[in-house]
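The same subunit A turns up in both complexes below, where it pairs with subunit B and then with subunit C.
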Partner chain A sequence: MALKIEARRQISTRMLYMTPFIAVAATVVAGFFLFMMLGADPFEALYVFFISPLETKYGLSELGVKAAPLIMIAIGLALGYRANIWNIGAEGQLTLGAVCGGAVALAFWEEQGLYILPLMALAGMAGGAAYAAIPAFLKTKFNVNEILTSLMLTYVATLFLAVLVFGPLKDPMGFNFPQSRMFSDSATLPIIWEETRLHIGFVVALLAAVAGWVLLTRSIIGFQIRTLGSAPAAARYAGFDRTRLTWFCLMLTGALAGLAGTFEVAGPIGQLVPNISPGYGFTAIIVAFLGRLHPLGIIASGLLMALSYMGGENAQINLSLPQAVTGVFQGMLLFFLLASDFLVRYRVRRVKPLAEGV
Partner chain B sequence: MIRPIDRRTFIVGGAAAGLTLASGALHRASAADPLKIGFIYVGPVGDFGWTHGHDLGRKAVEAKFGDLVKTTYVENVAEGPDAERVIRKLATDGNKLIFTTSFGYMEPTLKVAKAFPKVFFEHATGFKTAPNVAVYNSRFYEGRAVVGHLAGSLTKTGKIGYIASVPIPEVVMGINATAIWARKVRPDAEVKVVWINSWYDPGKEGDAAKALIDQGVDIITQHTDSPAPLQIAEQRGVLGVGQASDMKSFAPKAQLTAIVDEWGPYYIERAQAALDGTWKTSDTWHGLKEGFLSLAPYGDAVPAELRASADAIKAGIIDGSIHPFTGPIKDQKGEVKVADGAKLADGDLLGMNWYVEGVSA
Partner chain C sequence: MNIDTLLPMLLTVIAAATPLLLAAIGELVTEKSGVLNLGVEGMMLVGAVIAFAVTVGTGSAILGIIAAAFAGIALSLVFGLLTLTLMANQVATGLALTIFGIGVSSLIGSSYIGTPVEKLAVLHIPGLSDIPVLGPLLFGHDILVYASVAITVLVAWFLKSSRAGLILRAVGESDLSAHSIGYDVIKVRYLAVMFGGLCSGIAGAYLSLSYTPMWVEGMTAGRGWIALALVAFASWRPWRVLGGAYIFGGVTILQLYLQGAGGIGIPAQVMNMLPYLATIIVLTVISAGPWRGRLDAPACLGKPFRPAS
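After this line comes the complex of A and B, so read on.
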């Protein structure tokens, strides 16, 4: 007897949309046993992991703080991935956006005015887009793989940020420590929920998701993106301009990531420091896929990922569980998603080898 | 005679045990609540370096005070937007004394401290204090001077490798102390620096060690937190120096010594102050004399006469007769930065952004 994997003739659309829920359910079940093996009360552990972060006003607000950059970046990534354009370097574009937005904040350090924040946002988007333009140029001009270029540029961006905060943007009163001044009030994002860190960036992220959805489903360019991804030959036959779409997707992702970076430094951080993002640009890739590359699904998956980070912190504080649990949880989530995705598209069948039997 | 336990005795015994436990619990609840102490770490507790050192300090507090305290830690918290949330969570959860153990936690610590005026904060290696925020640091450079002496004496090629983390003054002064004291015994010694821009990244640290050894370095020193460079040194048959914790088990032959951080006594002192209600903000910068750092036992590669001279330097620093940054000290261009016989003041050390002669970075 042997097992054979074969493609299903008909793929159930409903099942395809169900897979994230199946994956979450399977993760919870596996988590139950994981916590049991770690010697914790599994009910309490699941409670601490998934419910306790949502119980307080502060916890809820932090969920938004953490999810905002993830959602914003994932929206852009998803549009690109739909068109088979693989931007892996959102982390670098975020960093450049933070640098440009932050530089504006520092340039207007002694000024006050409502114009400073929009100017920072524009600079951040321009910075992120300009940084994404490099892989776009290399891809369209020389057909260089954008996965490699965008990823490697991430490390360049981190070092560029380091050079700036160790050098020209360093706080003159800061004893040579590598960080900028704290931004002025005019360069700090307004808080939309009193006594929390929840800033206007969360609203912008939600608007970006809606805009992304409209763009993808209701516009010609959205149609072109979807066609390019699912039927490249048809797209070519229809005369869709691949070069133009590549530029569009990469610049859009770059701008959104750059905006997310600006919001991070103008919001929760409040200054330029050598480490701005705890890997938001990479986590957003998981968020995009967990949300089925669907702008509205990404809102849910962004919140879920944010929750898993905060749950991990609470599990450490309240249950003394190791930090690795968070990683294991996120890993299981992705594993179960890919596995159920696979099983929706393929099936495993027992077959009898011909030579056997009789 | 041993009586077999029948079911009834078992149940009665069990009930008795349960009652004892319950009354014990009641008793404990009625006693004063323990002082909750929180720690936030930049690396994993298993880094065997910096974070490991702080966690030993935490355990020392637990061992000293027992039921009087309850400690909690959160590891691997990136310096950035997450730090503030974790510190705030520790404060909300009732921790009355919170140690934030990395430089990048400075602003988040101050922000949370403002919102929790009754909670005491202790920030490692920063410079901004507040009525409820104290800072503490260790004069690591004193240990580096002894390390420089060992390295300068033992290097054959005259090239000493230095794997550096983030170019803040603390790291720069460590590099300079090593170079100054290596060149006292080996005037042509060169300290080759590789920056990895991270405090903990075993992969990058190991790669840096390999690159340095390929360039002719035969002694590896580091200001990063993992034992990876020492392991490479051990494999490649060169010598090295451990960082933050004794790393001898990773490199039994290669480790000359290690600069061992001793946070325990300070943590105990501050916890005691918090328990007594005498906690006040302060700015502590202690060294070998006060026991903030020590040197791990010398490895076999250090001959007896070198041990004696290294110990003499250590003793000199402790009794104050030796200051590691005593002039004449020249910078890389050969200009005299510290005049003959003068000692570099603490303020100048804390803002150090220049290299001494003999450093190639």
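After this line comes the complex of A and C, so read on.
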């Protein structure tokens, strides 16, 4: 008896939706050994990492706080990745969104009014989209690889934020700390669960996911995006405008990432600081893949990745493990997902060697 | 500017160029075989932390460098397993490798933050190193600086003049033809990916043992990505990678000197943007210039290959 690998005639839809679960299971098993190597009791550590954050009101609310930016960004990324447009600079677009939204908040620091938050949201989306327009322009005009340009701009964005909080936007009464004033109440997001930090941004993220789903499955542009990714030749033959789709995907992701950035500074943080995001823009890449580039799947994978941040924090507090465990878990999860994707396109069959048949 | 100020400046340019050169020449070989590994940044980070940890643990920088090389190879094998054996998307897997590398390196490095290590020693060549000016400039470096140039020379010769190099290029230009005349495409690509991992690991070791002899989280600061850009900038030619790495090293040092010169009133962070902006500009110029279309990217770059069985 031997094993034979053969290509499936069609990709297996069942496997396509199974692989995230396989990947999560494999990550838990690998995590077991990782914790053992780090000298912790693996059962206790897995419990602390994956279960304990869900046991308290604080934990559940923080799950929403961290999932909101991940879901928002991943929705945009997923549309792009479906069309083979590889924006990996969402972290920079988030930063620019936070800067623009935050600048509005600081400009209206002494004002009050319901118009301030929508204005901030618009500014944040515009900032993120404008920043994503740079790789879009270079890609469509000069055919410059968007992977490298969007990533390089992330470093530039972080430095730009630092220039502002160390300079013009620094709190004049802040003892020279590199941070802005605290935003006024009118520039702070409403809380939707009392006594927690869970803000309206979580609801916006869920709405964005539903809107993304409608866009992808029910609209012409969604159809064009799906065709461009799965059958580029057909898309060309049908006359789909690749330039327009590239602009659309990049600007949409930029706007969503910018909105997520604005929500971070207007919500949990409440001011501009040098470090706004613990890598949400990069983790959202995993969220998009783990959610199978499907807007509704992204809600689930966004919550799971939020849990990995919480788990890392809890492991640090309760077991004094380094918080970097989170990054290792996230990386492993993506590895296992990509590996198990093999089962979507191929199957392993047992075949009898010829001699045995006689 | 006299020779006394110019010399240290040139030395720092060489130091800034070396990690870029090492990582880029490895990635060049990988890409020449038709594989795009975006995990350079992750492999460099793990190389940096492993080199540091082993050097601190054993007291031997050479062991540290060797360990970093093996760490780079190990990570590249994970990449190879996923993309070559399991035919996963190369872009996504490369990103995964970088995310994983960032996580693993900060996990391993968390206990080494603030630990000092002795800077990699300069190889003193009696006689030659003592020549004024030329001595320190050409013969006053540590082993990895020489290694980076030596590897470049070897790669240039290997790709141009050796039979194995010809096979590697054939695999990258036309995997189907190479396969049909009997070459093992997957094996060649595995070897090329491993060489890329080895070089990235050593590039990381240079950062944590020589460039800034300490461990800092995320200390590569995008150099892995700049190395990727360099390969395209160099049109996949080893000698141009060498030139490109030194130009980028120059840009890095230029911003340091402009900061040092102070007075011009530009915030340090704006200066720090220079290498990243330079990368974008360079990529745009080579993509848009009159030589467009003659970039010589390997024809099979990034495409999965599975022999029909």
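Convention: the second predicted complex is superposed on the first by the 324 of 358 C-alpha atoms of A that agree within 3 Å, B and C clash if a C-alpha of one lies under 4 Å from a C-alpha of the other, contacts with A are read in each partner's own complex, and residues count from 1 in each chain.
Rule of thumb we're sticking to: contacts are C-beta pairs under 8 Å (C-beta built on N, C-alpha and C of every residue); 3 or more make two chains touch, one makes a residue touch a chain.
As the structure is a prediction and not an experimental result, all values here were calculated from the model.
Engineer: Record, for the superposition on subunit A, whether partners subunit B and subunit C clash or fit.
Structural biologist: They clash: once the shared chain is superposed, the two partners overlap in space.
Engineer: In the overlaid three-chain picture, which partner chain does A:Phe166 touch, first (subunit B) or second (subunit C), both, or neither?
Structural biologist: Touch partners of A:Phe166: subunit B and subunit C.
Engineer: Looking at A:Tyr131 after the superposition, I want to know if it touches subunit B, subunit C, both of them or none. Which is it: first, second, both, neither?
Structural biologist: neither
Engineer: In the overlaid three-chain picture, which partner chain does A:Phe35 touch, first (subunit B) or second (subunit C), both, or neither?
Structural biologist: neither
Engineer: Taking the superposition on A as described, I'd like to know which of subunit B and subunit C A:Gly270 touches: first, second, both or neither.
Structural biologist: first
Engineer: Just to be sure I read the superposition right, which of the two partners does A:Phe49 touch: subunit B = first, subunit C = second, or both, or neither?
Structural biologist: A:Phe49: touches no partner chain.
Engineer: Now for A:Trp213: first (subunit B), second (subunit C), both, or neither, which partner does it touch?
Structural biologist: neither
Engineer: Of the partners subunit B and subunit C, which touch A:Phe183 in the superposed model: first, second, both, neither?
Structural biologist: neither
Engineer: For A:Phe202, select first, second, both or neither according to whether it touches subunit B, subunit C, the two together, or no partner.
Structural biologist: neither
Engineer: Would you sort A:Phe282 into first (subunit B), second (subunit C), both or neither based on which partner it touches?
Structural biologist: The second partner, subunit C, only.
Engineer: Once the structures are lined up on chain A, find the stretch of subunit C hitting subunit B; candidates are 19-27, 55-63, 109-117 or 127-135.
Structural biologist: After superposing on chain A, the clashing stretch of subunit C is 109-117.
Engineer: Once the complexes are superposed, what residues of subunit A are shared between the subunit B interface and the subunit C interface?
Structural biologist: On subunit A, the residues that contact subunit B in one structure and subunit C in the other are 159, 162, 166, 322.
Engineer: For subunit A, which residues count as touching subunit C in their complex?
Structural biologist: 5, 7, 86, 88, 138, 141-145, 147-149, 151-153, 155-156, 159-160, 162-163, 166-167, 282-283, 285-286, 289, 322, 324-332, 334-335, 338-339, 341-342, 345-346
Engineer: Give the list of subunit C residues in touch with subunit A in this complex.
Structural biologist: For subunit C paired with subunit A, touching residues are 38, 78, 81-82, 86-89, 91-93, 95-97, 99-104, 106-107, 110-111, 221-222, 225-226, 228-229, 232, 267, 269-270, 272-273, 276-277, 279-280, 283-284, 287-288, 292, 306, 309.
Engineer: Spell out the residues on subunit B that touch subunit A in their complex, using ranges where they run on.
Structural biologist: Its residues touching subunit A are 38, 44, 72-82, 84-86, 88-90, 92-93, 103-104, 107, 127, 166-169, 197, 350-353.
Engineer: If we count contacts the way the header does, which residues on subunit A are in touch with subunit B in the complex?
Structural biologist: Listed in rising order, the residues of subunit A that touch subunit B are 56, 58, 62, 65-66, 158-159, 162, 166, 175-179, 182, 197, 264, 267-271, 273-279, 309-310, 313-314, 316-318, 320, 322-323.
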